[in-house]
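Heads up, the next two complexes both have chain A, just with different partners, chain B and then chain C.
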Partner chain A sequence: MSDDLIEIEIDGKSVQAKKGQMIIEATDTTSSYVPRFCYHSKLSIAANCRMCLVEVEKAPKPLPACATPVAAGMKIFTRSPYAIAAQKATMEFLLINHPLDCPICDQGGECELQDIAMGYGRGISRYNDNKRVVKDKNIGPLVSTDMTRCIHCTRCVRFGEEITGVQDLGTVMRGENMRIDTYVEKSIDHELSSNIIDLCPVGALNNKPYRYSARSWEMIQHETIAAHDCVGSNIYAHALRGTVKRVVPRENEAINETWISDRDRFSYEGIYSDERLMSPMIKKDDQWQEISWKDALIEIVEKLKVVENNSAAVLASPNSTLEEFYLLSRLSDELSISNIDHRLRMVDFTDQLNDPKIPLLGINIAEIENCKQIVVVGSDIRKEAPIIGHRIRKAALSGAQIGIINENINEYFFDVAVYLSESIIGNLLGLLSALNGEPPEEMRDIFKQIKPTKEQQKLAAILNSEDKKHFILGHLAINHPYASAIRLLSAKIAELTGAVLGFITEGSNAAGGHLMGVLPHRGFAGSSREIIGHSISEISENNLDLLLLFNAEPGKDIPNLSAEKLTDSLVIALTPYATENYKTTADIMLPIGTFAETSGTYINCEERWQSFSGIANPVGESRPGWKVLRAIGSLLGMSEFEFESSESVLDEISQRLKDTPMSNEINNFSLQNKINKKDLLDTHLVQSVPMYEVDSVLRHSASLQLTPEASRSDST
Partner chain B sequence: MKSIPENLVCFNTFEADKPWTYETYRKHGGYDAWDRILKGELSPEQVIEEVKASGLRGRGGAGFPTGLKWSFMPRLQPIQKYLVCNSDESEPGTCHDREVLRKNPHALIEGMAIAAYAMGATIAYNYIRGEFMEEPIPRFELAVKEAYEHKLLGKNIQSSNIDLELHTFVGAGAYICGEETALLESLEGKQGKPRFKPPFPANFGLYGKPTTINNTQSLASVPSIIRNGAKWFKDIGVENSGGTAQFSVSGHIERPGNYELPMGTSFKELLELCGGVLGGAKLKAVIPGGSSVPVMPAETILGCTMDYDSLQKAGSSFGTGAVIVMDETTCMVKVLRRIARFYMAESCGQCTPCREGTGWLYRMLTRIIEGQGELEDLTKLVEIANKIEGHTICALGDAAAWPVQSFLKHFHHEFEYMVNNKGRSIVSIDDEVTV
Partner chain C sequence: MKTLSKHAKEKIDLLLERFPEDRQRSAIIGALHIVQHENTGYLTAELMNEVAEYLSIPTMQVYEVATFYSMFNTMPVGRHNVAICTNISCMLRGADEIVDHVEKKLGIKIGDSTADGKIYLKREEECLAACCGAPMMMVDHHYHENLTLDKIDKILGDLD
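Entry: the complex of A and B
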């Protein structure tokens, strides 16, 4: 037995437990279940519900298993008459003021109180006085409240204090008047806030959009992957007869632990938006008409067959599945189109030949919290990837020093050691200078004028250590007009300080887009192209004859591609939604499924492949994107394109990758664009995309659009 | 009957004209002990041994040996340690700490200084209940100022290498803040909600640092112990209960008030000293140590001496020394309801049995008084009290349960009578007794 293990006895069975462990952690490794409400493995111990009282030999009273550390030789009885009596006593107290409204409570059927009451409650209450009633409060569009049901376990309060760092909820009053409250009427707005819905053991805090729309036992639980950032949080979607009713987290310690962002939880509402495109449409004499799938596909294939490859482009959402990317890539190869991309908001492509084959985080998501220094450049990390923001907060709480280099001042709920605002490039140059680094040749002149500020020197001093450190470039750095300069300077600083350089990419599958060759300069698996295709900016300037848009909305997903620039082009849009932008710019619209209506695979920012199956019935006549692409390919007469399922596409991808090994070493970045000295150090060169605007599904999620976060986005 | 010596320890300045001043305290031998420590004549170990030998037990209610408590502090660890004095006196019936603060604040300051020195604490707080704002707090603060002026507190006091900063903290008037860990939370600026133990404050106290919390009277007794020796103090009292006790006598009594008497004084002597039961009426019951300890019928308490062992043997507890006297006109059901209402109002609401149970007890008792009670309610009352006792984070749950258990044990017939007679009391008085 190793030093930190001790022998204890649980219900007569000898068990090994770790020193300092609480009894409940030890019993959870055995078949002895101790009932609990306030205890949660991710939160601090409160010991306030008193449900987990157990008998411990020689103890004068029953002890709470959640707050009593094990000791060598301890004899614990979780089911002795003494322990059961204590647990039943607590149950009776919890129930006297709890309303008997289970039949109309959304928590019914999945309620911890209901479940445990079955085992420990009485059939008939001995309480015949008036029950407590607590006024509900409005805490925003995402979480409903029925505070009369509250059993005061304070999980939600501790979640705010410990996980998000925003103490929105607390307890006010005392004794039986104690209640969970925001004190001042307000909504709870943190990007992870809605996790309190899952934490609440009763029906006090519930899912507002889902309210009264299904019972938990009627639904089927499907494993799937969240589709709005590069984290790939594991989720369950609960579907009632093929309609997604809600989304809850699926525990995965390596990625999202037990949390998901509000964005991942409520985006499903977008599936059922009124703006969904219900059938294929074609524009005839400026009028949209319904058309059959068959006719639409024939129409498209006719156009594709005759278009000149140099005058056609394919633009796909970074949220497309790996399979969709692959089929798009093969279609474009078949038609010799190299004007293909998924990096829809990028501006600076000058150094793209030196791009890493797959832009990744550089370390695993779970490793972030072990870093001692983390520098986040050009990123509103909390909004771009909430789970990564949470991991960084955990690192900060355990003592890591966090540096932020960003034009905008964003709010963080942990100590930021150094916050360098204003020009990102100016700050990186200052930091490089403070580290006594050499500037790139092209920036020598500007560098000479740079004197590191005190703050820059402070960050340099922090980075001057042997510890494990991480340098993260976010969306604003990637979409910056001088992105290549930022990347080059960051790489130099990372090299000087021994930090790992990583990227937070847009969408859920940018890694997949890169790997499948949905890029103008590279093909499948990083192979180089003979002809380098147009960049997005060139595509939008050049009035191409034909554009195939795959869930990429002009003006929204592709900010630089406005309607005016598309008047002369034939635009084929494969899209779940028929928005105004599509209606004015497109000529043919084909309805494709959202993330919930298709099967597929996402590669997350740590190169983790996660496949999922379709969980929702298709809305209207929409079809999974890969099936539509497969049909187009078949009609074009492509060989070996008869895929039966997304799995068969995935099999082919895996096989081909096995045949063509690829290294993902990061090249030496360079500076190809002419540095315009005038605006290099300017700020406001790039706009951040509001959190609930980043993709088409989110833009149609009704409840998310009601949040203060969404109204903030409108004003900017 | 022999005459009983009064005011030997904490109240020993009381007969003076202005008992609270520095000069008066000095005249009574005050700060002699502290002077000796500042001169280096006493080591911390000696102080702790002396207090242990004196038999001083915590006067806050639990009666834990003070010297032993001090020895739990990791004295030699080079980290910040704190001493906290609990002047949040709020047990119903208790009002003697207030007297110490008003009339002998320097004894408390010297006691705190000695305790802090013994445990290596360099910062001490006196947590005083907010209701003392009018007189006790200004008196105490004035005394602290005097002590600083006479270089008895501060940094490197009289070049002794001893540091002690003493601060007053005013609570907002919550019974629960008298619980030591709730007091620490309150002192840290949080809601006064008890912490679960372990860890105990000696390891993880104020701001997570080792902390000892002592009651006002315990600390104010320390200077006399050091000045006169442990034996002197121990001999005042009886076996297992050294020194004096302050009794706050209230209720149906001729001369209610605070009396400092030797431990082990018999109840009969105490009653006599206070002039007997009001109007010469017959004694019915006594709560000997503040509202939370079990009530004792007259025949039991009349055979008791007022010390820890005797009262415990008789089925109650010494508690805070607040003696609540009730004569035969008292309705025990109404008294219990009044007590139950107090615990319902003062429960912090943190843990389930106390939050839900105290209100349930109160409502059942109210129902009985309103004539809506049933005989099975009486068993239910005891059952609920049993389910609260020992199941909560702090002792407030026990404090709410003990009166219910003991009232129903000793005066079951009164409850039964009231249930059977639709709310009519066994005594003919309708007015509720003020406790």
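Entry: the complex of A and C
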């Protein structure tokens, strides 16, 4: 037995426990369940519900298991008459003020209080006085409150203090009048704040959009993957007869722990938006008409057959599944179209040939919190990837020094050691100079004028250490007009300081898009293309004959492609939604399913492949994207294109990757041209995309659009 | 909107010196006393926000403290704070009659303020540790002991 392990006895069985562990942590490793309300493994110990009282030999009174450290030789009884009497007494007190409204409470059937009351509660209440009634507060469009049901476990309060860093909820008043409250009318507003719904052991804090729409026992729980950022949080979707009713986190310590972002939790509402495209449509004489799937596909295939490959382009959402990317890639190869891309908001393609084969985080998500120095460049990280923002906060709380280099000032709820605002390139050059680094040849002139500021020197001093460090480039850096300069300078700084360079990519599957060759300059598995296709900017300038849009909305997902530029092109849109932008630009629209209606695979930013199956019944006549692409391919007469399921597509991908394995070494980034432009050091060359606008499903999620976050982005 | 006065800030600064750095939270009670005193006996959400901002702590922590202690009023009250002790020693020496008398005289109940905003009868006051002079009451932080009804009339009458 190692030094930090000790022997204890739980319910007569001998168990090994770690020194300093609390009793409840030890019992949780065994089959002895100790009831609890306030204890949560991710939160600090409050010991205020007293539900976890257990008997400990030689202790003069029952002890709270969550707040009593184990000691060698301790004999713990969780089910002895003495322990049960203590637990029953606690339960009786907790139920004094709790209303008996389980039949109209959404928590009913999955309520910790209800469950434990079944086990420990008395059949009949001995309490005859008035019960406490607490007025409900409106805390925003996502979380409903029934504060009379609150048992003051303070999990939600501790969550705000410890996990998000925003203390919206607190305990006000005292004694009989004590309540959990925001005190002032206020919407809870952090990107992770809806996790209090899961934390609340009773029905006090509940899911507002889901309210009164289903019972927990009627629904089927499906494992799936969140589809809005490169993290790939593990989630459960709860479906009632094929309709997704709500989404809850699925614990995965390597990725999202027990949390998910509000975005991942409430995006499902977008599936049932009124703007869904219900059947294939074709524009005839400027009028949209319904058309059968068969006729629509034949129409499309005929157009594809005759189009000049140089004058056609394929643009796909970075949220497409790996299978969809693969089929798009094969279709384009078949038609010799190299104008294909999924990097829809990028502007600077000058150094794309030196792109890493797959842009990744460089380290595992769980490792972020072990880094001692983290620099985040060109990223509103909390909004771009909330879970990574949370991991960085954890790192900061355990002593890491965080540097932020970004044009905008974003709010962070931890100590930022150095915040370099204004021009990203200016700051990177200053930092490089402070580190005595050599500038790239092409930037020598401008580098001469750079004098590092105090702040830049401070960050340089922080980076001058032997510790583990991480250098992250976010969306603003990737979509910057001088993205290649930012990347090159960052790589130089990372090399000088021994930091790992990583990327926060857009969408849920940018890694998959890169791997499958949905790129103008590379094919499947990083193979080089003979003809380099047009970039997005060239596509939007060049008035191509035909454009195939895969869940990529002109003006929204592809900001530089406006409706005016598409008037002469034939636009085929595979889309879940019939928005105004599609209606004005497209000529044929095919309804495809959202992330919940299709099976597939996402590759997250740490190159983790996560497959999921379809959960929801298709809305209207929509079909999973991969099936539509397969049908187009078959009608084009492509050989070996008869996939029966998305799994068979995945099998083929795996097989082909096995035959041509791909290395992911990062190339030497470079600058193709001398960069000495006047606006190089300007700010606001790139606008960040609001958090609830990044993809089509989010734009149609009614409740998310009601949040203060969404209205903030409207006003900017 | 009322803001923290220069005087209040100076007093809070003095207070902060008593606590280690990064322990501004310890100064909440003292700071609220100062601010409440300047604001004729009660706190507003704006003032609490300003205290929080001045101490660089989350507003919620100030709300929690302000609502927890009975010595802070978070609703507007009269400018003179009259707290009659009704604990055991004072009760045995006739505190209940005193309360009745004061309530009748002012025409308000315990916990209310007079309509002219002059007097606030504090909702409850626990033992103020002056049992040797029971019955007693506290008016604007001053102790008045061995009360008689006449004495009370005079004390209340002298308030401006």
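The criterion applied here is as follows: the second predicted complex is superposed on the first by the 713 of 716 C-alpha atoms of A that agree within 3 Å, B and C clash if a C-alpha of one lies under 4 Å from a C-alpha of the other, contacts with A are read in each partner's own complex, and residues count from 1 in each chain.
Going forward, a residue touches a chain if its C-beta (ideal position, glycine included) is under 8 Å from a C-beta of that chain, and two chains touch if they have at least 3 such contacts.
Predicted model, so just to flag it, every value in this text is computed and none were measured.
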Chain B versus chain C as contact partner of A:635, first or second or both or neither: neither
Touched partner set for A:169, first chain B, second chain C, both or neither: second
Contacts of A:307 with chain B and chain C, given as first, second, both or neither: neither
Which of chain B and chain C A:151 touches, first, second, both or neither: first
A:183 touches, of chain B and chain C: first, second, both or neither? second
Which partner reaches more residues of chain A (counting touched residues only), chain B or chain C: B
Partner chain(s) touched by A:366 [first = chain B, second = chain C, both, neither]: neither
Shared chain A surface residues [contacts with chain B and with chain C]: 171, 173-174
Complex interface listing, chain C residues touching chain A: 45, 58-61, 63-64, 67-68
For the chain B and chain A complex, residues of the former touching the latter: 174, 176, 191, 196, 198, 344-353, 355-360, 363-364, 367, 380, 387, 390-393
Interface residues, chain A side, partner chain C - complex: 160, 166-174, 182-184
Interfacial residue positions of chain A with respect to chain B in the complex: 45-51, 53, 60-62, 64, 67, 69, 86, 89-90, 92-94, 96-97, 126-127, 129-130, 151-152, 171, 173-178
